[in-house]
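The letters A, B, C and D name the chains in turn, as written, and every chain counts its residues from 1.
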């Protein structure tokens, strides 16, 4: 039964790692994007209007 | 007539990414806190309840395996609905949603595969069998990875949106196959015990932690999805601002 | 030279890069096999190493045709050719970067696919080791094909056709070393040493031949 | 330092592209190669860059730094294509070429920002190269000439995609390079607007 506990622990460990990886990716990605926006804003580039800036560049 | 234009404006408001960003800003902390709460209660429950007399300690793997597997399918359903939104209603956020969901879905499918494997080794004596349920989930995993690769390969999001939306919808065939594979084919994988028309057949002792974990995982998914959508909106904004910057750059410096 | 290595690495993970496609192709090829031969676990365990090797061989060839063609299309190849640094060093570094971006992920993915093939730990370890030793040879042989086909339109398929026959020795010794590790009577070391010798041989011959082909393909 | 070409001729397939071309360029001199399409301007530059073998004749350097057998090892070549990767940022592209090319003896390249400034595109080096317009891409490719020092510049239609303002800017860059004792060989349709140039009129063969 001891070896079975190892399987349980391993699966919880993998779950924790996967979730932690996802969270880190999302947070890190968000930080990086926010930094880029800040940098662009600091360079004096602004969106023409809220409407056109959905990302779909025409 | 005015009602009609009101409806159109409403739809337009929802489609407005700026609105979405404001909404995301408000709901994200709540979602994050709730999922943390549910997950910690679920973890506590899953380690304090009794083991199964037949499966022993390994039944605890179920508390992460089943929610992950459930999410792998739900995430794809979310993507399929988003794909419909892209193709039929041309909703600008639909593509953002589909794109943001793909890596999260891939991660949960990976989790379902690995935990299933870790459960299968002590129970069946092998890490992997090529039965209908396992194979179809593996195909789902490959589809997620393929979609991510497709999204990355195309530079212009507005053009890739439709292409990947079509692919997502075609791939949706796989979801019912996964769901009913355990009933249609005679497989090693045990049949569904929670999501049944005639009510769950599972013992309440196991059902309680399982449900709490499932709710926690689902909340976690929505938290991550909203955050990833927000990142995607930002990413597109950065892209369009950069293009604008490139257009502006020459003019100032070279104007006589 | 380090700059070239990191530039190529960056390019392969950026949008449209081939790093992820190779692994994905590898997984898909290996996943398709059980549908073809049936889900008999004993059979799969027996043919597993061979399938992993064939899958890795095909996946390693996938992005190779772009190795020099992409450089040629935007004019970078001209500049690489002009420098006083020996061209074969440039080619070697490009191969190293290509292997790190596409070959190494294959090696890392192989244990997982080994589990799918119901291979035991020994077989998985041996496959991983032989792939680690053998995939550089595939990249280096492929570089020659890529250099020969660089000026051709639609050279992609041609590269695979040119390279596959040359890669057969790698496949033979890679697979036989893996089986030698699993089955008792055959010793593991001799075929593995031959595999390493092939890799080292092509580490010398590959860049020289590719550099010569690149020089003469210029127009 | 003098760059000498003696009796150069080149062939593509069966066709003789040009025949018996000779010139001598001292430090600080420019050669402008003109001629109609197909007269072999690009081929001449590719021969000088060592990318094509000459059918006959030779190119050599007098009084150059020791250890360099071929003039093309001391040359920048700006061809029709920009040799920049669309996926990488301008900064990544330029810093790659700066580190990969290195400086030839006798000079030093300037910093990336200064080079971008010199082509009038400061402040957008963080953008991916693919985002720039054709003219901006061409100007960034010229910045590449500045980040690593090479005494000889081989320029093939350098100003093809440029507007008048960028034309003048580029003429300024070439003039600066000549002042520092560089050698420039440019193939072009349009006049470069540089004084102190020798001219080479390519006629091509009438078939």
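In this section, a contact is a pair of C-beta atoms (placed from the backbone, for glycine too) under 8 Å apart; a residue touches a chain by one contact, two chains touch by 3 or more.
Since this is a predicted model, take the numbers as computed values, not measurements.
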Name, by label, each chain that touches both members of the pair subunit C and subunit D. B
On a CA-centroid basis, which chain has its centre farthest from subunit B's? D
Counting only Cα atoms for the centres, state how far subunit B is from subunit C in Å. 34
Whole-Å gap separating subunit A and subunit D, where each centre is the average of the chain's CA atoms: 44
Subunit B to subunit D, mean C-alpha position gap in Å, rounds to 53
For subunit B, what residues touch not just one other chain but two or more? 155, 242-243, 245
What residues in subunit C touch two or more of the other chains? 15-17
Per-residue overlap in subunit A, given as positions that touch at least 2 other chains: 43
By the document's touch rule, what are all the touching chain pairs in this structure? A-B, B-C, B-D, C-D
Per the touch rule above, subunit B residues touching subunit C in the complex are 117, 126-131, 135, 138-139, 142, 145-146, 148-149, 152-155
Which residues of subunit C touch subunit B in the complex? 15-17, 20-21, 24, 27-28, 31, 34-35, 39, 41, 44, 115-116, 118
Which residues of subunit D touch subunit C once you look at their complex with the stated criterion? 12, 46, 49-52, 68, 72-73, 75, 77, 79-88, 92, 95-97, 99-101
Contact residues on subunit A for subunit B in the complex? 1, 3-5, 7-8, 10-12, 14-15, 18-19, 21-23, 25-27, 29-30, 33-34, 36-37, 40, 43, 45, 47-48, 50-51, 53-57
In the complex formed with subunit D, which residues of subunit C make contact? 1-4, 7, 10-11, 14-17, 73-76, 78-79, 81-84, 218-219
